[in-house]
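Accompanying notes for the structure given below.
The first chain written gets the first letter, and so on, giving A, B and C; residue counts start at 1 in each chain.
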Amino acid sequence: MKKKSLISLLLIIAMLVMSACGNSDDSSAKDGEKKESGGSEEATIEFWTMQLKPTFTDYIEGVIADFEKENPNIKVKWLDVPAADLSQKILTAVSSDSAPDVVNLNPTFASQLADLDALVNMDEAVAEEDQKKYVQGAWEANQINGTTFAIPWYLSTEVSLNNKAIYEEAGLDPEKDIPVTYEDAKKVAKTVKEETGKYGYFPSLDLSLVLQHMVKMGADLTNEDGTKAAFNTDAGLKAFEYFTELYQDDLIPREALTGDQRSTIDMYQAGQVATFMGSQFISQIKENAPDIYENTLPSTGITGESGKKTISVQNIVVPEQTESKEAAVKFALFLTNAENQLEFSKLTPILPSAVEALEDPYFTEAGEDAEPVDLVRIQSAAQLDESELLIKPMDNYDELRQAMYDAISEAMLGNMSPQEALDQAEAAWNEILSK
Amino acid sequence: MRTNKLTPYLFLLPGLIILGAFIFYPMLQAFWLSMTDYNMIADAEFVGTTNYENLFQDDLFWKTLTNTFIYLIGVVPALVIIPIFLAVLVNQKLKGIGFFRSAYYIPVVTSLVVAGIAWDWVYKENGLLNYVLDILNIISEPIHWLTSTQTAIFAVMVVTIWKGLGYYMIIYLAGLQSIPNDLYEAADIDGANWWQKVTRVTIPMLMPFVLIVTIMSSIAAMKVFEEIYIMTGGGPLHSSETLVFYIYTEAFDRLNMGYASAAGVVLFLITLVLSIINIKFMGKDNTA
Amino acid sequence: MEISKTKTNNPIIKKFFLYLLLIIVTIFMIGPFLWLLSTALKSGSENIFQYPPKLLPENPTLTNFVKVMDTFPFWRYLFNSVVVAVLTVFLNVLFCSLAAYPLARMKFKGKNTIFILVLSTMMIPFQLLMIPVYIISLKLGLQNTYMGMVLPHVTTAFGVFLMRQAFLTVPKELDESARMDGANSFQIWWRILMPLVKPSMVTLMIFTFVSAWGDFLWPLIIVNDQDMFTLPLGLNMLQGTFTSDWRLIAAGAIISMIPIIVFFLFLQRFFIKGAMNGAIKG
């Protein structure tokens, strides 16, 4: 008698739980559909993008609708995932054998998955004539150990943004004095600091940027077969010394070392920085800091003795786990075809990876009423030919990157001389590369 | 007692089923993975104690572990003691006290992503804090709160404390309600002043809740991640990097899930020992 | 604790100092929130990152709030959030109070072990458990369901711990006398103990509500269907790859805080009545 009430309570709870689980039926049915795939059979593919909603909702949905019209047997289910959490979500999905079919990833993260054979090799899945439709440098940006793990989507090259008002305030001429090289940037930093107390130049050292700066200044990262560090040279030392000097003389903000790229854009929007490389943020500046946007003049990216400029590539991968490989690749090609990419790049200042789309006058001619957004796009397209992927995908990339970052931090914070720090980085790299 | 032997287990059953499926079993998995080379894509292969051996030789592991302890020592006393006084303060019968309670609770519900930006304004080189200290003539040149190896971790601690005060205040507030008024009346008769009542009645009667707050805030401090991720990214030079941050990068940036699990198991064991010491030390009188 | 009962010469001066203290603490606590509020009220022509920061908007406007609600299926996501939060709060309070009762009141084998085991569930970072939890949830058919978002959170070590400590403060004589009157364990739990620990129950409800409301990572992992998104997942979309309008982000953050504050304001009143008084005196 006593326990009856308790047991009935437990029963009620159990029923409650089960009834709430009930609506899971239709989702498992959806998974079932996926199994029947292949050429002409019915297929549902899951497509994940990185944070494109809500700005590009109409665009992506339009592409999907067009694709489904052309391929009535294929259904595309789109999910937009926050960029910061994409790696966790995708890894959870892959590890439980429930990966999506088409995913937008950046090459660094994708190369790690490719290294573990988790991605479809596009050299085999894509016909050679289709491969030729893409900018060659962009196609090759997605190669590791001799396989191509992705189809390139949109690109960007480095464009500096300059706040004309600060240049004028410092007695500089924005048309003439805008820096093209690292040495120019140092001069601007000095003048601006002396005249206005603001920062003339804000280089970010986040993520792979330290490595990029070094390559641009003429250092090679590794020997040819990638087994040994090769940056402990005059050029490498120069890079370490350059940033150490700027930092210790307070010519660049302290956040250069610790902040992520967000801090560069925040300070630029606050009118505290004259020049930084962050043209991908141009739309954001337009929305958050309209007065700064008005004063913004885009210019070619800052580089060093090598004259090299970097290209960044966003790509589309198809995980090996997909059960509709053919349909997935088909959709990936459709999404990245010239027509669809051209439409995409009209919505935001990016460059298409499809050669045909790039020939559009939209990327070459600035109209009368060209805004900074348009100038960024045209500048970016103009330097595409001279830009390349500076940091090729490497094994244990994240560890290598971190080791270099730690070493240059030691130098900048004054714990070591630049040469000592460079020696430390070399030793760390040799150890990691020998794994 | 005349109750059936099964009764306690029946009460525990629903909770234990849930914990079993969603935590105990995954925990066992994590223990197992810590002895494999799991990378979340290929099948896991048993590697024995290799991960642990590597871990103990990893300087960064020791550094982040030390930082975690610094965090623990810095944050826990503040979060155990200050909220008691806040709770006493907002337990007054005053007009508009509900407003103040809510105001103190606001940091708990403010997302750290946005709070992080506001705190950036405070900590910047030419930010609010340096401005105030300058006016008060305490400093002659600005302190780089978030960008120097000496101060970054402490600057983030303040944010953790700011966010935790209201949380633990509510726990104490609930505890205060359960103190019988008779005790205060008796203290009044004895002529006790306000401070004597706090130390002789309130705090002893709150002990069960002090125990919760101590254990909860210690565990939270051992696992601190989000503040660091948002405010300093662990820098400069790993000076504010904690163990969970390290675990996160190893797992999801480098795909070393097996290695990360080993670090997680070490964190687990340390936290467990700490909690047991806490319970033994503080919980004696009230563990029935 | 009632200071008003202490002997003070001048109650007005005392009140003045109390309010002063309350206000000083308030400034420290809600400073960052004020920044949020002011950003949300700023109009499109104003630079929100200008230096030095301006706290008062030039042309205050509510358009950002309207825009946020138009950006995504706001009401749908709000509904999902409410369902998830309410289910989680209800089940969590129930399961935790059930489990806490024997841990506070009964003697049985393995009691301390079980208690420590329960506590130990808090000690490992969720990121390490995420993959196994996800696999189990898939097997249980929980993907894209409300229960998938709810179930992993319906028993928390914190809840069990808090309720156990609350039960510990209730004098034992109360349940002993009830047992004399013939009540069984379940009746004692439900009729004697639960009403007496209302403040702790309310605390648990508030905390569970807040964590269920703000939960981001787990819903993101378990849900693949945008119709099942909760508010935080929707709000995250305001931070785009190419654009992040901080006015909208701030407005969205405030909108998502309102239900919590309302819930809190409603429940905090339970902290006024000394729950024990009736039981002891009566």
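To be clear about the criterion, a contact is a pair of C-beta atoms (placed from the backbone, for glycine too) under 8 Å apart; a residue touches a chain by one contact, two chains touch by 3 or more.
Just so it is clear, the structure is predicted and the values come from calculations on it, not from any experiment.
Ranking A-C and A-B by contacting C-beta pairs places A-C first. Set against the Cα centre of subunit B, the chain with the most distant centre is A. If you average the Cα atoms of subunit B and of subunit C, the two centres end up 16 Å apart. Here the CA centre of subunit A is 34 Å from the CA centre of subunit B. Each of residues 7, 11, 14, 40, 117, 252 in subunit B touches at least two other chains.
Each of the following residues of subunit A touches two or more other chains: 2-3, 6, 13, 88, 91-92, 95, 266. The set of subunit C residues touching two or more other chains comprises 51, 94, 127, 131, 140, 151, 184-185, 246. Contact residues of subunit A toward subunit B in the complex are 2-3, 6-7, 10, 13, 87-88, 91-92, 94-95, 112-113, 116-118, 253-255, 257-260, 263, 266, 396, 398-399, 406, 409-410, 413, 415.
If you check the complex, the residues on subunit B that touch subunit C are 1-3, 5, 7-9, 11-12, 14-16, 18-19, 21-27, 29-30, 40, 86, 88-94, 98, 100-111, 113-115, 117-119, 121-122, 126, 162, 165-167, 170-171, 173-182, 184, 188, 193-194, 197-198, 202, 205, 208-209, 211-212, 215-216, 219, 222-223, 225, 244, 247-248, 251-252, 257, 260-261, 264-265, 267-268, 271-272, 275-276, 279, 286-288. Of all residues in subunit C, only 44-51, 71-72, 87, 91, 94, 127, 130-131, 134-135, 138, 140-148, 150-151, 184-187, 216-217, 220-221, 224-226, 236-247 touch subunit A in the complex they form. Chain contact summary for the complex, subunit C toward subunit B: residues 1-6, 15, 18-19, 21-22, 25-26, 28-33, 35-36, 51, 53, 94-96, 98-99, 101-108, 111, 114, 116-125, 127-129, 131-133, 136, 140, 151-152, 154-155, 157-158, 160-162, 165-166, 168-170, 179, 184-185, 189, 196-200, 202-203, 206-207, 210, 214, 246, 249-250, 253, 256-257, 260-261, 264-265, 268-277, 280-281. Against subunit C, in their complex, subunit A makes its touches with residues 2-3, 5-6, 9, 13, 16-17, 20-21, 23-25, 27-28, 46, 50-55, 77, 79-83, 85, 88-89, 91-92, 95-96, 98, 266, 269-272, 280, 283-284, 287-292, 348, 350.
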